[in-house]
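There are two complexes below, and they share chain A, which is joined by chain B in the first and by chain C in the second.
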Partner chain A sequence: MALIEVENLSVHYGAKGQLVRAVEGVSLRVDARESYGLVGESGSGKSTILRAICGLAPMTAGQIRIGGQPVPTPRGRAFSRRVQMVFQDPYASLHPRHTLDRTLSEPLAIHGIGGSDARVVKALEDVGLPANFRFRYPHQLSGGQRQRVAIARALMLEPEILLLDEPTSALDASVQAETLNLLNRLRAERGLTFLMVSHDLAVIDHMCDRVLVMQHGRAVEELTRDQLAGAQMTTDYARTLFDASADRMLGA
Partner chain B sequence: MATMTEWLRDPSPASRTQARLGQSYLAWLRMRRNPLAMVGLFIILVLLFVAAFAPWVATHDPLAQNLSQRLLPPGTPGHWLGTDDFGRDIWSRIAYGSRITLYIVTLVAVTAPVLGLLIGTVAGYFGGWVDQVLMRITDIFLAFPRLILALALVAVLGPGIENAVLAIALTAWPPYARVARAETLTVRTSDYIAAVRLQGAGAGRIIWGHVMPMCLPSVIIRVTLDMAGVILIAAGLGFLGLGVQPPTPEWGLMISSGRKFLFEQWWVATMPGLAIFIVSLGFNLLGDGLRDVLDPRSSGK
Partner chain C sequence: MTLLSVKDLRVTFDTEAGKVEAVRGVSFSLGRERLGIVGESGSGKTMTGRSVLRLIRPPGRIEATEMVFDGTDLMAASEREMRALRGQRIAMVMQDPKYSLNPVMKVGAQLTEGLRLRDGMSAKAAREKAIEALEAVQIRGPERVMEAYPHELSGGMGQRVMIAMMLIPNPDLLIADEPTSALDVTVQAEVLSILDGLVRDRGMGLIFISHDLRLVGRFCDRVLVMYKGRVVEELEAKNLMQAQHPYTQGLLNCLPRIGGSRAPLPGLDRAAEWAE
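What follows is the complex of A and B.
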């Protein structure tokens, strides 16, 4: 049984009097310990799917099941212990007036988990940050370091599922690779399931076992890693995306 | 001493307490680099000192009348700021009056902004009908002239310093609510709020721990800017017989009573007016400095 099941998900919302169909009848299944990618151009609705899963965007139609159970609305604390998210922009996703210590111990405080001192130190170590960063503020960190903190925060509650919303698109190339390798290592160590959004097929190729290509809020084509590597796509759109990033994929 | 400073400045503190103390120390260093803030702090410290040691600072009994010595100009031996129409020493009255001023200012400063902050952040965070109801109430309070509303409240509650404070606090919160709501609206959709919501935090925790810290600096600035107005409204209530009652040496009351001699004996109204001016200036300067200190992003090296 798949760990994450999304069935015929539609997300519509009104903006300035117009109905925006951000996602139209998308279905996907992610198995436990799998890494699943969503790829597409800006505005194709891939981030909206992640937001709908965690309840940050409204579901208009369809169903989302985690471990076979439909997700409750509001999502609740049990959900937050299973599913966490890493946001796109590390400059906006950390509270500017909280030290890293506060940011990392907050989820523990919410769930009444003790031993936060040791857990915070361990979490920093796990994402490769020195322990003396603990009482720093986000503005004292670089973009890559901030994204490491965001990853550490998402892992504080030891979830099984990590939703990654373009986790590296705000970082420059060398830091991007470091961050992706960190994510891969953590996934291997902890047996995490990834649902990852990117507009970059090279990133998806590096990270994901399967990928769903999206355009205009609809699913276009699902590919396995081997199909992607062998350029065996059946739709023109997927091929265009592939051609745009093929040179970097071969280098990787 | 050197080891103490080193402990405070340790870039990798060993405990939360050390980190917090270290941050306070760095905030103090930042504040010390701002000369205007230090001037403000100095003025407020002088006010505190005078209020605490009024019986020793004052040269006369603030209530003792001496009609043979009435309306003496400043510089008269024994009365360096002059005397008022009852022959009371103006300096001593200002010194004792600082207690009342401080009392009013403190009470208003801990009630009105807290109420405004609470209402504004709750309205901004929840939005929808909660926002509508709370902000319409705020509008109703804002639509009344502040002094008139305070007058109505004191008229109902009866004259006296506590009721005056209550009336001022109840009329002073709407601007804070507006400021806090505006800040909340910009913060509530940010990713860091989404992140903490995703961690299962309730509305109370998010508003208190995550939204309010973002609203605090602008509210603090408003508080310090409003302090002069608070002192004057308290004086206005006293003038109309609804606040502090004579012969209590309250600065606003002293100005009102000096009004009658403003052209011939200018010092009777001017001296307490100068006191209000200096204290308001002190609060404003201190407030500006505090804003810089409260924002960790502004910490230079």
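What follows is the complex of A and C.
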């Protein structure tokens, strides 16, 4: 049984009197401990799927099941123990007036988990941040360090599933490499399941076992990692996307 | 023909904690070509671009032995002369459309403001020209975008609006600071071909600032690689893969590749002497 099941998901909303069909009948299944990628251009609905899973976007039709159980609305605490999200922009996703200590201990307080002191210290260590960063504010950190904090925050409740929304697109190449390595290490250590959004095919290829190509809110094609590397796509759009990433090929 | 020549450019910030040198002795010259400046955040690439327009506020200072644009000494020009250059002759596309567009003004009003005030165009003519500029950067439904506020646009749309705005006065030199980092690969290719066309057809000079080494290598003619305020390597873009400097090589190696192995990506071991 797949850990994450999304069936015929549609997300529609009205904006300025016009109906926007952000996601239209998308289905996907992610097995436990798998890493699954969503790729497509902006506006293709890939982030909206992650937001719909978290309850941040309205579900118009379809069903989302985690571990075989339909997700409740509102999502509730049991859900956030299992599923956490890392957002794209580490400059916007951390509270600017909360120290790292407060950011990291807040989920523990909400869920009534004790021993927050030791857990915060451990969390910083796990993502490779010095312990003396604990009482710093986000503005005192670099972009890569902030994204590490965002990852640490998502892991505070020891979830099974991480939803990653372009986790490295705001980062420099070398910092991106460090962050991707960190995510891969954490996934191996903790047996996490990733559902990851990126517009960079090379990042998706490096991180994910399978990838779903999306365009205009619809699923275009699902590819395994080997099919992607071997350029075995059958749809024109997936081909276009692949060709536009030609400089990201091995040997290029 | 040299459009811009910069010799020994320095940008220093006098802070309470002492001097911070963001740019330390950068020299380059630019013809009607595409020059790429790459480096990580904090390498001084944006500051180099802003210095050309003298857009550095105190406590920052710009020093250079020479900074000449098309016969005008930029170091000696008065603020009034600089204002005449900015936008008209040298335009800059800023990194983040979220912070560079006026949030409380409709896109249309922002695009036509310069045409109306500076060129004294009628509202109708300015509107037509603005719509034309939006079409030139491949925006679908320019009429709708004209009536939108910046927060209603996606990052990619905002960036294209910025590029359209900068290209309206037909500048000789365009400084583009990460113009495509907010865009998807397919849109990125479109924007790059727009910029490419401008360099070729109008003979515009382009300084393309980016952290994306592969993109710069594919798109530009020449590349300056910056590290901690210095140019560590200058090379022809087509020879990028044969880069000699360990920093450039490190930047290239830490990128994931399609079909590459899943081993941890090599990190960048920074050697202290690179900053010398």
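Everything below uses one rule, namely that the second predicted complex is superposed on the first by the 248 of 252 C-alpha atoms of A that agree within 3 Å, B and C clash if a C-alpha of one lies under 4 Å from a C-alpha of the other, contacts with A are read in each partner's own complex, and residues count from 1 in each chain.
As a convention for this text, contacts are C-beta pairs under 8 Å (C-beta built on N, C-alpha and C of every residue); 3 or more make two chains touch, one makes a residue touch a chain.
These numbers were taken from a predicted model, which means no experiment stands behind them.
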Joint occupancy of chain A by chain B and chain C, clash or fit: fit
Which of chain B and chain C A:Ala229 touches, first, second, both or neither: second
Touched partner set for A:Ala202, first chain B, second chain C, both or neither: second
Partner chain(s) touched by A:Ala61 [first = chain B, second = chain C, both, neither]: neither
Touched partner set for A:Ala188, first chain B, second chain C, both or neither: neither
Touching partner for A:Ser245 - first (chain B), second (chain C), both, neither: second
Overlay on chain A, chain C to chain B nearest C-alpha distance, Å: 7
Where chain A meets both chain C and chain B, residue numbers: none
Touch list for chain A against partner chain B, complex: 54, 56, 75-77, 79-81, 84-85, 87-89, 92-99, 101, 106-107, 110-111, 117, 130-132, 134-135, 137, 139, 150, 153, 156-157
Chain A-touching residues of chain C, taken from the complex the two chains share: 40-41, 154-156, 183-189, 211-215, 217-218, 250-251, 254-260, 262, 264-268
Residues of chain A that touch chain C when the two form their complex: 40-43, 142-143, 172-178, 180-181, 184-185, 199-203, 205-207, 228-230, 240-241, 244-245, 247-252
Residues of chain B defined as touching chain A within the complex: 11-13, 16, 19, 22-23, 190-192, 194-201, 205, 209-210, 213-214, 295-297
